[in-house]
Structures are given as structure tokens and as C-alpha cells.
Amino acid sequence: MKLAVVGGGSTYTPELIDGFARLREELPLTEIALIDPHEHRLELVAGMSRRMLARAGHQAAVHATADLAEGVAGAQAVLLQLRVGGQAARDVDETLPLECGCVGQETTGAGGLAKALRTVPVVLDIAETVARHAPQAWIVDFTNPVGIVTRALLDAGHRAIGLCNVAIGFQRRFARHLGVAPKRISLGHVGLNHLTWERSVHLDGQDVLPALLAEHGTEIADTVGLPERLLHRLGAVPSYYLRYFYEHDLVVEEQRGKPSRAADVAAMETALLSIYADRAADAKPELLEKRGGAFYSEAAVALIASLLGDRGDTQIVNVRNGSTLPFLPPEAVIEVPAAISGAGAVPLAVDPVEPLYAGLISHVSAYESLALDAALRGGVERVEDALLAHPLIGQASLAADLAARLVAANTAHLPWARS
Amino acid sequence: MKLAVVGGGSTYTPELIDGFARLREELPLTEIALIDPHEHRLELVAGMSRRMLARAGHQAAVHATADLAEGVAGAQAVLLQLRVGGQAARDVDETLPLECGCVGQETTGAGGLAKALRTVPVVLDIAETVARHAPQAWIVDFTNPVGIVTRALLDAGHRAIGLCNVAIGFQRRFARHLGVAPKRISLGHVGLNHLTWERSVHLDGQDVLPALLAEHGTEIADTVGLPERLLHRLGAVPSYYLRYFYEHDLVVEEQRGKPSRAADVAAMETALLSIYADRAADAKPELLEKRGGAFYSEAAVALIASLLGDRGDTQIVNVRNGSTLPFLPPEAVIEVPAAISGAGAVPLAVDPVEPLYAGLISHVSAYESLALDAALRGGVERVEDALLAHPLIGQASLAADLAARLVAANTAHLPWARS
Amino acid sequence: MKLAVVGGGSTYTPELIDGFARLREELPLTEIALIDPHEHRLELVAGMSRRMLARAGHQAAVHATADLAEGVAGAQAVLLQLRVGGQAARDVDETLPLECGCVGQETTGAGGLAKALRTVPVVLDIAETVARHAPQAWIVDFTNPVGIVTRALLDAGHRAIGLCNVAIGFQRRFARHLGVAPKRISLGHVGLNHLTWERSVHLDGQDVLPALLAEHGTEIADTVGLPERLLHRLGAVPSYYLRYFYEHDLVVEEQRGKPSRAADVAAMETALLSIYADRAADAKPELLEKRGGAFYSEAAVALIASLLGDRGDTQIVNVRNGSTLPFLPPEAVIEVPAAISGAGAVPLAVDPVEPLYAGLISHVSAYESLALDAALRGGVERVEDALLAHPLIGQASLAADLAARLVAANTAHLPWARS
Amino acid sequence: MKLAVVGGGSTYTPELIDGFARLREELPLTEIALIDPHEHRLELVAGMSRRMLARAGHQAAVHATADLAEGVAGAQAVLLQLRVGGQAARDVDETLPLECGCVGQETTGAGGLAKALRTVPVVLDIAETVARHAPQAWIVDFTNPVGIVTRALLDAGHRAIGLCNVAIGFQRRFARHLGVAPKRISLGHVGLNHLTWERSVHLDGQDVLPALLAEHGTEIADTVGLPERLLHRLGAVPSYYLRYFYEHDLVVEEQRGKPSRAADVAAMETALLSIYADRAADAKPELLEKRGGAFYSEAAVALIASLLGDRGDTQIVNVRNGSTLPFLPPEAVIEVPAAISGAGAVPLAVDPVEPLYAGLISHVSAYESLALDAALRGGVERVEDALLAHPLIGQASLAADLAARLVAANTAHLPWARS
């Protein structure tokens, strides 16, 4: 069983490798291809990965290559975890919107749009190569903005599923609060990628969310950065990405006084690479915990195991809406529980969504369709339209200003913006 | 043919009377009941109304009364044009949100919510009296927020239609630009009350909107207070209420430097009342033009004439969505062209709505359902939820702050807020 | 104002001409082109038409031609009233299904499918010529099966509206029962062409259907050929085409003992043509009353007058469903009240349809989409599928048998069936 | 773990017991309550059941009682397998419609309606008792017509799921053809209970239906009693209940020459009871194979195990539609794959349904809602409406005749029909 990781030279990769080692019984990999154009970094990461697998006694071969076609050939699954433009581009996503009074975040608002513009064409090129050299492979997309990227892949006809670690993070956290094994917890998770609410938490078939909020409301509110009172009123737990909406101005204020997350991560990456360069290092460094992306390997292993093993169990992924949320178009991509089998991910029916959530979901989903259009066809006016359609922007002069700045700052990554 | 005007003591009434006089062939009224609890003001307005009708040679009797049941008895149509709390309450709607950085407007955003909270219960009481004393009468609601008030009336089972002068204003303006009779113009008007776009302008069956924008784009953009470039890009004309969304921050800045519209109107009302008190005055004063509400009488006369005369023609009104906009719930109220006959208003099918508009419409419609819930059931937390659901508010701390202030400032008008 | 009639050589044409003469104020025609490949018959009909117009003092020129392009050039409206294969093909539609125990009717069931197979390609060819030579013209389709033909025209992008005389027939009949002018009656007509129910009858805005059924139930039941008890139970009036469903076996029995309608009409046509050949004849012959198609000219004149005069009034036509009946696909064609203006026909919203009607409508609409597919792409298996999808056939062996027979009997008219 | 079987005195029960014994690891029962008012038969069946369990070394206690409340108290799951009126009533269902030229079947057409009328009120009474004495228990309904009965239970607020053995039968059969373990097969099963099509057959994630039809088409066609040619044309496998639609007249002819299935089963029951009376008998008799209901125990064990064990896997059951099939109302009950967990059954999204199936599904679903209405509210006219709404009846005189006969023949079981 061969798995390919596009963007395998990321400093994050050892986290994935650690998961593959721990979960080898669930997913018995025999080959892991790490694919990355940054050959020096790739070499360091691949070396570290081999030592980690060796220490764990895992037999899988690690193949490092800059050649995408070679890397994906024969793979049954391809993970996408790339970052077009690296931390430098992310730094722009996080700081430029701030100058206009808007939240600076690489997946939400103006920053998320910039990332979509850079990422969608690159991912579609990669997927074309996958389709040619590993036509049966499942493409699992971690690359943000996952909702838009997944829709781009599905629209182009690829065997793709989008994956995020928000849901698994809640599952683990709630299990810890309840003192039970995570697999006994099922989430009533609904929305779009990075715009989700947990409306129920089932333990052995009973909804324990009311009890969970009663006993652990303070900690949960703390984790998502929202007033505990709000969670009690909603009777639901918004993801921490909803903080960018529900506490937008507060976040802007906080962000203004701090270095960007990109700057933090860039520093962390330098430190991680120097650890990976140490030929004696063979254990996941603690620093990696702060890198983000917790439980991604668990989620990815479970997803791939169910796809390849045709397990038919329920996992939370990004899939086509179809008629699941009747207030969204069928072609929209949503993040909900789905049955995962060899035939792919099929969303489960969802209880009617409350207006308080449905209104915002509709608004952001409409933005996503315009963002995808801008990413595919280019043009500063399409960028402006997408920004005008976003509930966190929504103003004409602001959209014009931000569109001009974002395009100018990303010219290197937007072929249509050059000339 | 008897017509009753609830809120008939408004200084605006002579505008209506002027219309009834001009359009007597379309709507041959024999009795006009002006109903208002402010008896002194009502007396002045009724006197002025009688002199205006006499000057025009119109035979209709004007009956002034503070007794609602007596006033509506036997009426075929009842116009609602009341303002709970008067200009003083409006002043709060327009200034309080500004203190929190939000637009101050009596129909949009936090101000619109406050007005809905005050107005819905009063209007429902009035409608009950109408149902008892004039069970066949059509209730035509001008009272803002028209979308929410109309939905409240329909949910309670009343024969009600909501009416706004935005659409007729565009029809008259476009006709003037084109040099044609207004009745030859049909608008592709879609959205919610005070959240609408003109997507087409048909003259004798041909869409002349592109030509209209090409030749008169500057003036039209000026009227709606939006960048001309935006109108060309959209290929559509947003109503000027969309300026509160599309240029929110700019409006806030402008509003901060100026007296409220309520203060202006209060001054104007004093001046108008002194004119009405003049027993020689029998012509509509020029000052009334600045009072707002242009063409309301035209719109109302046309609507009532079609309802009572079973004309089956097309007019733009506020009606139940049904399956017209499939992305909204059937019970939502929308503002679109409808066929008006003796059986009421039936919306015409609408071309699929672009995501740029549909996203915002969905968001605001969800807010409206929560606003109505807050108005009917009360409670500061429901007010908070409605504010959190509004795209112009949408933040938790802000919603909590605004909810507390709005409720406090409106206690006199909110029975549930006292105790 | 020029109007072209494709199939103008029909013996029915003088009925149309009579209407144009009577309704000249509503539709001031200056030229009528009668187009037909049967030149001899066309000559007789055109002569009769000219004499009728002359007698009525109508100035319109009648132009008779076998050349479609010439005939339609410059027309503002084109009526389609052709019959591919003439009464001979109709005779097959009416008798062949009977041999298999199915109703023999030229618009319903197997006969309707055969007619659709013959007609759709011919009508699409004609519409192409219209699009080239009279690109602004409205195509008004009378040609049956109107629902399927209209959908074919709309799918191909033509400016087409389907028209049937069932609704206007009910309006006239109910008006007569009530002793009022027909224009005061509005029907709550819903369904598909030849599969409709009147769910309400509004007179000046009040639903008088209950009273109408109470007082005239016996006559109405007689007209539609259904048990009066059924009408009372439904509280609605099915069209007489529903007799083919609601009394299918009884109709089969009746039909078996009688000559086909095609045979009757063929005899009538011979008689009519001999009248038309009489150069002294200048009045609509009484015999024409029995020819069918009553009030078609009234309906057509009203429709064209509203399209060309941009009247915006309500008429019952065949249009795209969109979201009007949410249980049907948007691309389906339905028969409902619509607002008719220069921009075309826009369906009005419809109250939720009762399951008793919605189930049958869904079933027949699904059949219609398969019938259209068979007509466009050919193949005996597609014909079989369409028959299997029809609620009056619905059996596999029967569908196979009927498909083979229908295709064999219509080979002359089905290019794909030859070879 | 206690399970209660309502109708436990059925001769079919030993089939269930055999399954519980074989599948004890999946579902470790400790108590089985057999509940039946026919105490003598119950005693025979309970004795046989105890001997079978003893022979298999299964520890579960078998408790036989005529007292429903006592029997269900403390149960985690309650199976409903009753038959109101027994084989005598079934005989009427199967023979009375034949006299009117309609198929005689106890779940489809007029017979199915009669069974629904008898069964729904009884099942609702039982469910009330379950709700009082075992409020956490899941009600698994086998009792036909499963779709209508399940909807009745859900409408009344019960924790109910409908189960049928058609899907599991196909799974087992296809697995046998393919020579693989059944659990590797997933069906693309869609429709309503007893009105379903298999549109895909996935083996380890690949659709093998085309290959299956190519290699085993003849046998499969034979099993479902339909022409092999039809299956190839559809590229799908209809259930054998669709034979009552697709070969209606042929079935009527066959049925006319044969004793009813009820008569056969009655004879078989006598034979089975004499076996059960034999105190030496402790193995499932071969004769039981012919009794029908194959694999029901497998399906029931899997369903209950997933409900109680919160497994989250995919099984085919009868559930609320919600927005799954957008052409049906949300409250309809459909039969599709669903994720089964402690929280119940949640339908998975379904690919758009072809018109050939969707038309018939819509029609029958509309009938089901009228059938349920007739069962709940009674009245011969409601029975008539339901029959008129059924695609296999659909005629007014026929519906009137059948309604009168069915009600008369079932008076003993229809309280509203007596007086």
C-alpha cells in the first residue's frame, strides 16, 4: 500500500509519519512517497522520517522526490499538504487585511481568498498529474482553504475528499472531558470548512452535549475563544474559526499587537529543520506540537483506511452538498458526517439547520463560489466580487481596496495578474 | 368605497390625500377614515385633508377618529402608516447603534430591529381589530420594517400585503431617464424589503438596463449613493438601502457628523403642522416633498385598485416566498413582482439569483426570522440572537452590548422589558 | 403587425380568422401569412379566409405560401398548428393502443407519445427557420402534445409559449353558469398540459368554486365525463383529459365500439373543404363548431396581444417550471397562470399541490422527459422506456409490444426508424 | 440485553430464534420476550424456541406472555411482526382485488391498503405501550406495509425504524454470484419499501453491477420475475415487488389460476405448528424456508447491534426522507442506505434518481400519504382517494367499487366502519 504526500518536505511531515507508525495496524503502508520541489528541505524531512519509522520498527520505505509523476505513480492515496508561496505568502494573508481593518487569517476572509487564488490552479495541475499516473488514487486534501480547494477538485472530476482536523480535535477534547475513548463520541458537526458548529455530541447514542456544556463549558469556551454565555445560549459549540466572525473586531485588535502566525511558524520551522538535520534525532520533537494540525494523522489514517478498506463507517469530511443542506446549491461543498466506503464519501442527512447558522453558512457558501470563480478565471474584478460577497468584508470601497492590494502582493503567484 | 388610514394623524397624510385626489378615477373613494390616538394633530391633518379634497372637487368624506374599531368598520382597505414611539424613538434607532460603530437607521441593522420590537405587537393588535370590524378588508402595510411586519401579519392569518416605495421610485426615475410613461417600465426587482436589486428594466418587453446604465449610470449611481463602477460591474442597480451594507463604514462616518434624520423630520413636522393649522391652506405644501415617501400614494392607489378591482396586473410587493426563491424557507417574506387580483398577491417566478445577492439575502432573511421571534416572544437573549444573525452586526460582544442598550432605551415600548 | 400560421391550410383556420376579425381591436393585424405544404388545400382555406375578413371589413392581407422562410419573415408572432401525418397518423394513434387494451388518444398515453415522436423534430426544424427569418417573433405552440413540444422548443432556446384551450373553455363555461363576463373569472388551474385541475374559481377575488359545484355540479361533471360525486369529493374540477386516467377502462370500452375521432374529423374536413371551395361562402360554417378547438382564437389573440403589447396580465399557458412546483425539476414544462408581458410568460406562485394530484403530475412529468428524449434521439428502446414510465402503460411486456407497433406504424415519419 | 417480539407466536419466530442463536456474538441477548394474544400458539412456538436455544447452547431466557406491557418492560429493542386478522384477512387482500382485475397482494395495491387500514391503529396502540414501559427501546418494524407503518410510528413520535428483507436478500444473492463474503457487497438501493431498484453493487468500492448483469443476468431476471432484457436496458435490478407494476396484467392472470399465498401459508402454518408441538424437535424445520422472510434475522440482528452498539455502519432501512430525495416531501419515509448508530438511522445522500424511477416513486409516495390518512382517520371516501392515488388503481369507478368491497370485507378490523 503506497501513499504519496504532496508537500512532503513540510516540517509538519514528521507528525504524519508519527501517526503512520502508531496506526500501522489500521493502515499497513509499505511505501511513503514524499514529494516536494524544495529538495534540500525534503532531504532533511525524509531522513528524519526514515529514522522515526526505523525506531518504531515500521517496514515502510520512504521515497523522496521532486518529481510529482514519479512520486504519485502507483499510489492508492495522495495527500495534499502544500503551501503555495510558503510562510512569506501566508504572512501577507495575515497582515495585509489588518491594514484595512479586517481580520488577518490564512483561511478566513481576505487572507483565505488570497490563499485560494494562489492554491487552486496549483492543486488542479497536481491533480491532473495524479489522474494520469495514479488514476485509481484517492486525493485527500488538507490544503486550505479546504472547502474551496475540494470543490475545485470535484468540479474538475477528481476522486477527492477534503479533510480538516477541527472535528477530530473536538472529538478528542470532548472524550477527554468525558473520560471515554474517542471512538465512542459522534459529533453533530455541520457547516462549511472552518465555519462549523457542533450541535450534538453523542456518547453511545445519547446526546451528552447539554451535560458537557454544564460541566466543562468554561474550558470549552476557552478553547474556542468565545464567551461561555454564548455557548450556553446556543446549546452548541462553534469552532474556533467562528471567533473570526463572532469576535471579529476583538481579533483584529489582538492581531495588531502581535507578530503574525506566519512569522511564528517560520521561526519554528527553522528550529525544526535544525532538529531534523541531526542524524541522531529519531523521535517526534515536542516543538512540533505547537506547529498546529493536531490529530491530522489520525484523521487521515482513518479516512484512507475506510476508503481503501471499504469500511462504510462515519467520518467528518468535506463533500458535495447534493440535497443535504437544501438551502445551499447541490454543487456546494459542505463539512458534515459522511459514510466512507470504497466508493467514496456520502454525506449523511442533517437535521434542519437553525436560521442563526444557516444564514451565515449561506452567505459564506455564496462567497466560496465566487472565490472559486476568481481563482479559476482570474481578474481583479472577480476578486472584488468575491470580497463584496464575504460577510466579513461586504463593502464596495473596502473590497476594491483589498482586491487591488491582495492581487498586487500576490502577483508572483497569479499568472493572470502579470503583464 | 371606504379606506382607513391607521396613523392618519401623520404629517405625511396630505401626501396620500393629494394622491387620492389625483388618482380618483383609478380608485373612486367615497370615505377616508383617518385614525390616530393623537387627537390634536389628527384634527389639524384632517382639516387640511378636507380642504385639499374640496379644492380638488373630490366628494370623499374625511372621517377623523381616535377609535380604531369605529374607524376601520366597513373599510375595504386599511393602510398602516404608524410609528410607535414617534420621532423620539426613531432618534434612538438612528443614534444608539452609532455609539457602537454600527449604522444608525430605522429599518436596517440594530435600529431596524428596535423598530420591529416596538412595532410588531402594536400592528398585530390593530390587525385583530380590523379582522373583527372589517373582516374583508385588505391590510396594506407601509409601516417599517415592512418585511418583518408583513410576515408577522401573514403568520397571524391576516389579509395583508407589504408595500414599499423603493420600486415605484426606480420605475419613475428610469422612465424619466428614458423619456417614456412609467407604466411602460417593468422592473426585475428582487430581494427582501430594503434589500433589493433591479436586475433588469423592461421597456415594452426589451431589457434596456444595459443602455440605461451606459447613458445614465452616473446619475443612477448618485441616487443610490454607490460607486458607478460597482453598478456597471454588477449590471444591476442596488437600492439605496444597500448603501448601508456596501458602504457601511462610510455611512457611519457621515452619520456621526450630522443630526439624525429623526431630528430633521421632527423639525419638518412642526413646520408642516403649522401650515396645516392655517385654515386657508388647501394645497400640498412643498416642504412635504422632503418628508420622504415619494410615490407612496401612487403605489398604494394602484395596489388597492387592483385588489378591489381584481385587475390581475403585476406590481412589486411584499409577499410569502413559497417556492419562489428556493434558497429561502417557504414562510419567508420577499419583495418581488406579483400578480395582484381580488384574491391577493401571487409572486411571479424569478430567474435564479446570483450568489453575490443570494448570499446576503439568505443571511438577512435568517435575521428577519429571529427578529420576528424576538418581537413576538421578547427577551433580551432573543434580541441578542437576532443581532448576532445580522450581517452588519454578527459579533457576540457587540450583539450583547447593543441588545442591552436597545432594550433599555425602548423599555417604554416593550412590555416584556419592564418588571 | 404580421402573424404567421404554420399549418395554415388546416380546415380549422377559418375559426382563427373569425376570431381575428372579431377581436381586431385587441390585436390589430395587418398581415396574416398562412403557411402550408399542401398547396391545394391552402388555396381553398386562404380564399375562404380572405372572404371572411372582407365581409367583416378587416383590412389585413392574407398571404398564402408553401415557403416557410418567406411566410414567417417579418412576423411578430408565429402560431404552430400543424399535424404531422394528418388524420391518417392520428387514426393510428387512436386505434393502435386500443388493440393492446390501452386508451387511444392523440395526446395522452401511447398515442400521445407517437404524436410527440413525429412532431418534435418537425417543430424544431420550423423553429430554426423562424429563428433565422423572424428572430424577434414569439412562437405560440398549439401543436400537441403541447407540454412536450413546448419543452423541446424551450430546451432548444426558442422564444416559445405553449397554449391550450382547456383553461379558456372552463373560464367561458363557468362564466356562463354564473351569468358574468368571462374576464371576471380567474381559474386556479394547475398541472401539466392535458393533466390539469381547477382548484379554485375566483369571481372578483372570491372563490366561488364551492357554490359553482353545489349549483352546477351535474352539468360540470357531465362536461368532463366524470362522476359528479368525484368532483364534490375533490372540491375541484379535473379537465376532461383526466377522464382518460380516472375512467381509463370505461373509455377503452367506449372507444372500441366507435369510429375513431380521426375518422370523424377526416369526414368533417372533406365537408369543410367543399364549403371553403364555394366562392360565395364568407361566413364561418356551423360545422366548424364540432371540429374542436373552441376559443382557441380568443386565447391566442389575448396571448399575442399581451406579449406584443406588454400588458403584464395573467393568462394560463405552458411555461418552464423553475421552482413553481417544487416537486418537479426546474426544466419541466407546466400549465399554470402566468404573467404575460413583452418579456414573455412568468409563472405565478402556486399553492402547495395535494398529494392526490402531485403524485400523478410527477409521474406524467417524468414520462414527458423520457418521451422528449425518445423524440430527440430516437430508438425503439427509448420509446419503450417512455411507455414504461407512463402511468397508463407502466408494464414491461406491454411497453415492448406497444413500442414495436407504434414505431412500425410510424416509420414514414421517423427517420431513425428507417434502415 | 432484552429483546421483545410482538407477534412472537408467529410460526416464523423459530427463524428469528435460529438467527439469534447463530449470531449471538454480534448480539448477546440474555432475554427474549415473545408476546402474542394467541396463547396456545405462543406456547408451542415458545417451547420450540427454548429447545432451539438449548441445542445451540445459548443462555438467553425465553419469556412468553400475552401481556404486552409485561413483555416489553425493560426491553432495549422491540420487533413488530404481527399480522392483524391473520391469514384469513390476508386471503381477502390477495383475492378481493383480483375480482376487480387488480393484483392481489398483501403489501402492494389495494391489498396493501387494506392491510395498512387494519394495521396502523393496532401498531400505534402497541407503540404507546412500548413508550410507557420501555421508553428507551427501539421499535423495529417488520410489519407490512413497512413504509406506511414506519411513517405512522415516526409521525407519532416513536423511536422506530422500518426493516425489510429485500435488500439483504439481494446482497446475499449477489455475493453468492460473485463468490465473496456478503459484507463486502454494498447496494445502491433506492426507493420506497417494496418499490426499490438496485442501481449499483459495490464490491470493495468498485461498481460490479454491469459485470454481474453480464454474467448472471438470466438468473437475476428469473429471481425478480422480470424480462432479462429489461434489466440490461435499465442497468439496474428492480425488486420482485416491482413485478406487480411492471408485469401487472400477467401477474393477475397467474394469480387467477392459483390458490392464494395466504392459503398456502395457512397450510404451512398448520404443519409447522405440529412440528413445534413435538417436544423432541429442536432444529429449525426445512419447511420454514418456504415460509418467506429469509435473512430477516440477519438484518434484524445487524440493525439492533448497530443501534445498541452505536456502530455507525451503513444498513438499508426505512427512514424519514428529510431532503434525501428532493422530489418527495421531507416527511415521507424512504428505503435507502443509512448510517446506524445509537442515535438512530440517518439516510445517506443519494445520487439523482432517474425519471423512470422517480416518477413512479413520487406517485406511490403520494398514495402512501393518503393511505396513512385513511388509516388514521377512517372513512370510505378517504379509502377511495387513496385508491385513486395509486398508480395500479387510479380509476374513479374502480376506486369506488374496491373501496366499498375492502371496507366491507374488513369491517371486523376497522372500528370506524362499524355502526
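The first chain written gets the first letter, and so on, giving A, B, C and D; residue counts start at 1 in each chain.
The rule is short, and it goes like this: a residue touches a chain if its C-beta (ideal position, glycine included) is under 8 Å from a C-beta of that chain, and two chains touch if they have at least 3 such contacts.
These numbers were taken from a predicted model, which means no experiment stands behind them.
Asks: Mind listing the chains that sit against chain C and also against chain D?
Replies: Looking at chain D and chain C together, no chain touches each of them.
Asks: In angstrom, rounded to a whole number, how far apart do the mean CA points of chain B and chain D lie?
Replies: The separation of the two C-alpha centroids amounts to 57 Å.
Asks: Express in whole angstrom the distance between the two chain centres, defined as the mean CA positions of chain B and chain C.
Replies: 44
Asks: Pairwise, which chains touch?
Replies: A-B, A-D, B-C, C-D
Asks: Quick check: in the complex, which residue numbers of chain D touch chain A?
Replies: Going by the criterion above, the answer is residues 184, 186, 200, 202, 204-207, 307-308, 310-314, 319-320, 322-326, 337-339, 341-344, 346-351.
Asks: Quick one: in the complex, what on chain A touches chain B?
Replies: 101, 226-227, 229-230, 233, 245-250, 327-329, 355-356, 358-360, 362-367, 369-370, 381, 384-385, 388-389, 391, 394-398, 400
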